[in-house]
Amino acid sequence: MSADFLYAIEVLLNGLMAGVMYSLVALGFVLIFKASGVFNYAQGVMALFAALTLVGIMNGEVPFSHLINAMFGTQVHDFGWHVPALAAIGLTAVVMVFFAILVEKLILKHLIGQEPIILFMATIGLAYFMEGFGDMMWGADIKPLDVGLPKGGSIWIEENTAWLGGEGQRFFGFFIDKLDMSATLVAAILVIALTLFSQYTATGRALRAVADDHQAALSVGISLRAIWVITWSIAGFVALVAGIMWGSKSGVQFSLAFIALKALPVLMLGGFTSIPGAIVGGLIIGMGEKLFEFLAGPLIGGATENWFAYVLALIFLVFRPQGLFGERIIERV
Amino acid sequence: MYYREAGDFKTSYRKDQQNFPIRFDRVHFWTMMVLAFAVIPFFINDYWANAVFVPFLIYAIATLGLNILTGYCGQVSLGSAGFMAVGAYASYKLMTSFPDLNFFVIVVLSGAITALVGTAFGLPSLRIKGFYLAVATLAAQFFLVWLFNKVPWFYNNSASGQISVPRRDMFGIAITGPEASAATKYLVCLAIVFVLGFIARNLTRGRIGRSWMAIRDMDFAAEIIGVDPLRAKLSAFAISSFFIGIAGSLFFTIYLGAVEVGEAFGIERSFLILFMVIIGGLGSIYGSFAGAAFLVLMPVLLKNALVGGLGWPSDVAAHLEFMIMGALIIFFLIVEPHGLARLWAVTKQKLRLWPFPY
Amino acid sequence: MTSTVTPDGRTIGDVLLEVKNITLRFGGVEAIKNISFDVREGEIRAIIGPNGAGKSSMLNVINGFYHPQEGEIFFHGRKRNAMKPSQIARQGIARTFQNIALFKGMNTLDNIMTGCFTHMKTSLLEQAIWWGRAEREEYVYREKVEHIIDFLEIQAIRKTPVGALPYGLQKRVELARALAAEPKLLLLDEPMAGMNVEEKEDMCRFILDVNAEFGTTTVLIEHDMGVVMDISDRVVVLDYGRKIGDGVPDEVRSNQEVIDAYLGVAHD
C-alpha cells in the first residue's frame, strides 16, 4: 500500500478518536436539551472550568488568591499540599454538582417557559460569567494537567504496523498517541454508559419523559427541578472528563472552551434530540475535519479545523434542517 | 420641568408618527445633538476619544445593525465580528487600490460589500431557525476570520499579516492615520452615526420594519399576510451587515488604525455586540445606543475604580468584568428582556403620572 | 352574469374560488379526501364539521400553507399553480387563525398596518430616507387603517401591545389585520371560538358589516350552529376529511348524514 494512503488512514484513525470526544461532549448537550430544552452554549466553558478546578485542587491552590491578595495586600498562593488525582477528580465532581444546583436555582427556575432562543442567550451569559469566575478563582495562566494517563506515541502499534507500507515505501507504522487512545476508551465507555442510563434506568426514562412534555411529566409526579439538577450534573461530569482529556493533552487554557464548542455543530449534524445522532455526528465531524485538513489544508493555508465543522453543519442543515436523526418538524397552524 | 404629554395633542397622523411624539423628548434629543456636534468637539482629547466616544459611536453602529437583524427580525447572529472584519478588509483593499477615493465613499462601499457577504450567509436562515441558525452563523465568524488570516491577498502580502490604515485627508485635514486628531475622529464617527441612526429609525418604523417584526413574532402569519420570508430575512441580513460592515470599517480606519484579524474581530467581539443588543433592548433603536454606551463605559469605570482607585491588578479587574457582563446578561434576560430601553420607558411612564401615581 | 340577491340583501355573483378533488395527506393520515366545493363572489360560506374533520386544513390548502397531493384550485376562474402563501396573499386572500396568530411584539396599530403590506410599494431606499413617497404612503394607509379601527370599534386600544389584550379583542384585531389587506376572499378560522354570547354577537355583526360594506367574500369555519345558520348563505359539512353535505343552511340541517355526524352515530 502507498504511504500516502496509509497516512490518510492514520489521519482518519486520529479523527475517529477526536470524534469520540466530540460525541461525548455532544451527549452532554443532548441530555440537557432533552431534559430542559436548553441549548447549552456554556458546555465548552464548563469543561474549562472543571479542568481549572481540578488542577487547582490537585495543586492545592488557594481559590481567589489573586482577588484576596489584591484586596488585602496578602501574598497567599497555595496551601502547600498536593491532592491525589482521583480524590481531586471526586472533589471536582462535587463542585460540578454544586454548580448544577446553582444554575437551576439562579437561572433555569426563572426562565421556565421562555423561548428557546432566550434560554440559549442566557447560557452565553453563563459562559461569560463562568469564564470570568474560573479565571478569578484559579488564575488565567496556562496550566499543565497530569492525572497519570499514559502519554506519547504507542511504540507497539508503530512497530506492528510498519510492515503495511511494504518495501521501498516511506511509512514507519501508525503513530497513535496513547493519551488519545485512553481518552477514546474512556469516552466510549461513558457514551455507552450514558446511553444505557437514559434508555434503561428509571431516572433516564423520567428524563426523556420531561423532554417530551413538561406538563405531563409534572402531572405524573416527576420533579422537573430534580431532573434539571441531575442533567446539569451529568453535563458537568461530561465536561470534567472532556476537560481532563483535552487539558492533559495541551494544558488547561481558554482554547479548551472552543474545542468543546465543536459539539455544537456535531449536534446540528446529528439532530439535537437524538443520542445516536450525537454519536454519529461526533464521529463524522472528527474524521471529516482531520481528513479535510490533511487533504485540503496544505493547499489553502491550514488551520481549517477552526471552521470546518461549522461550515459542514451549515451546509448539511440547509438540506436537512432536522439533522441526521432528528424528528421532522411539521408546522401546524 | 415635568415629563408631560398632556396638552400635546396630535391633530394629524403625521404628528402622531413623528420621531418624538412627546415634546419633552424632542427638546431633549435636539439639546443632545447640539451638545454632541457643537460642544463636545471643542473639549474632547485623545483619552476621551479613544477610550469612550469613538468606540461608543462605532459600537452603536454595530449594535444598531445587529439589533435590526436580531431585535427586529428575530434572527440571532453570532457572526457580527466576522462581518466587521469584512468591512475592515474591504476598506483596506479599497483604500490601497484606489488611493484617491473619498473616505466616505470607501466607508459606504465597505458597508455594501459586507451587505453582500452577509446576505450570502443569511441564505440558510430560510431553512434554519432559532439557535440552529445562531450556531450556523458561527460558521461565518470562524470562516471569515480564518480567510483574512490565511489569504495574503487580503493583507497585501504584508510580512506581519496585519493591515494598517493609510493616511487620508479631507479639506486638508487628516481623518485617518496617526495624524488624525481626536476631534476629527469623533466628528467623522458622529456624523456617520447620525445618518445611520436616522436610516435605522426610518426603516424600522415603516413597511419594511413591520415585515421584519412580523417574521420575528409569527413567521407563518407574516407569510400569509403577504410577507415573503425570503425577502424579509435577506433584507434584514443585508441592512444589518451594511451597518456592521461600516462599523468594522470605522473600527479599523478610525479607531484601531492597525488590525490583526483574530485579535480585533474574534468571537468575543461578536458576543460583546450581542450583549449590547440584549442589555440595551432587543428591538429598540434607543436601546442600541444605551447598550453600546453601557458596555463601553462599564469596563472603563471598572478599570478606573479597581485598578486606578483600589490598585488591583488589571487581570483581576478583567475577570470581574467578564463575570459582571455574564451576570448582567442573565439578569436582563430574566428580569427585563427588553433591556435598558424598557427600563427607561417604564421610568418615563412613572414620570408621566408623577406625582399622582393613580 | 349569474348574480342573485339573497333574502338578507346580499348580491351573490360568479364563482370566485373553486376547489376540485382536493386530497391532502400527512404521512398515512388523509386529512382531506377528494373534496370539491365552490365559493361565489359576495357570499358568506361556512365550513362546519366535528373536531379533526379537516376544516382548518382546507383553509391552509386554500391559502397555500399546505400543498395538497391531488386536486386543483381555481381562483377568479383561472387554475392556480403551486404558489407560496405570500404570493397567494398578493392575489387577495387573507385569513385569521384558529389559535390567535398576532404579532406579539407590536401594538394594535402596527399589527393592522402590517396587514397593508401587500399594497405598500415604496422601496427600501425610499423607506430609509423617509421622504416623499414613503412618508406619504404611510399616511395614506394609516388613514385606511384608522377607518378599519373605527369600523371594528377598537380605537381605545390603538397603541396597546396586543399581548396585553383580552382574548376577544385579540380576535378582533386579527380580523382587522386581515381586513387591512383589502382581501377579495376572507378566510376566518373559528372567529368566535371561546367567546361569550355578547362577544359572539359583536363578531357576527362585524362579519356581516364587512360583507355589506366592502362586499368581501367570506369563508367561515364555526362550531356554533346557531351562528352558522344565521349568517351564512351556504354551508359545506366535513367529517373525517370527507364532504358529507353542501347547500343552504336549511338543506344541510335536514341532511341525515350531517345529523348523524353531529350526533355521533358510529361510522361503518
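Read from first to last, the chains carry the letters A, B and C; within each, the first residue is number 1.
Quick note on the criterion: contacts are C-beta pairs under 8 Å (C-beta built on N, C-alpha and C of every residue); 3 or more make two chains touch, one makes a residue touch a chain.
Keep in mind the model is a prediction, meaning the values are calculated, not measured.
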{"item": "Pair of chains joined by more contacts [C-beta pairs], A-B or B-C", "value": "A-B"}
{"item": "Chain nearest the overall C-alpha centroid of the shown protein atoms", "value": "B"}
{"item": "Distance from the mean Cα position of chain C to that of chain A, given in whole angstrom", "value": "51"}
{"item": "Chain B and chain C, separation of their C-alpha mean positions in angstrom", "value": "41"}
{"item": "Averaged-CA centre spacing for the pair chain B and chain A, given as whole angstrom", "value": "33"}
{"item": "Touching two or more other chains - residue numbers and ranges from chain B", "value": "220-221"}
{"item": "In chain A, residues with contacts to at least two other chains", "value": "333"}
{"item": "Interface hub residues of chain C, defined as touching at least two other chains", "value": "65, 97, 101"}
{"item": "Chain C residues touching chain B - in the complex, by the definition given at the top", "value": "63, 65, 84-87, 89-90, 94-95, 97, 101-106, 110, 113-118, 120, 122, 124, 127-130, 134-135, 137-139, 142-143, 146, 177, 181"}
{"item": "Chain A residues within the chain B interface of the complex", "value": "39, 66-67, 70-71, 106-107, 110-111, 114, 116-118, 120-122, 124-133, 135-136, 140, 264-265, 267-268, 300-304, 306-307, 310-311, 313-314, 317-318, 321, 331, 333"}
{"item": "Of all residues in chain B, those that touch chain C in their complex", "value": "13-14, 17, 199, 202-203, 205-211, 213-214, 216-218, 220-229, 235, 239, 283"}
{"item": "Touching residues on chain B, where the partner in the complex is chain A", "value": "76, 123-124, 127-132, 134-136, 138-139, 142-143, 145-146, 149-151, 220-221, 271, 274-275, 278, 310-313, 315-316, 318-330, 333-334, 337"}
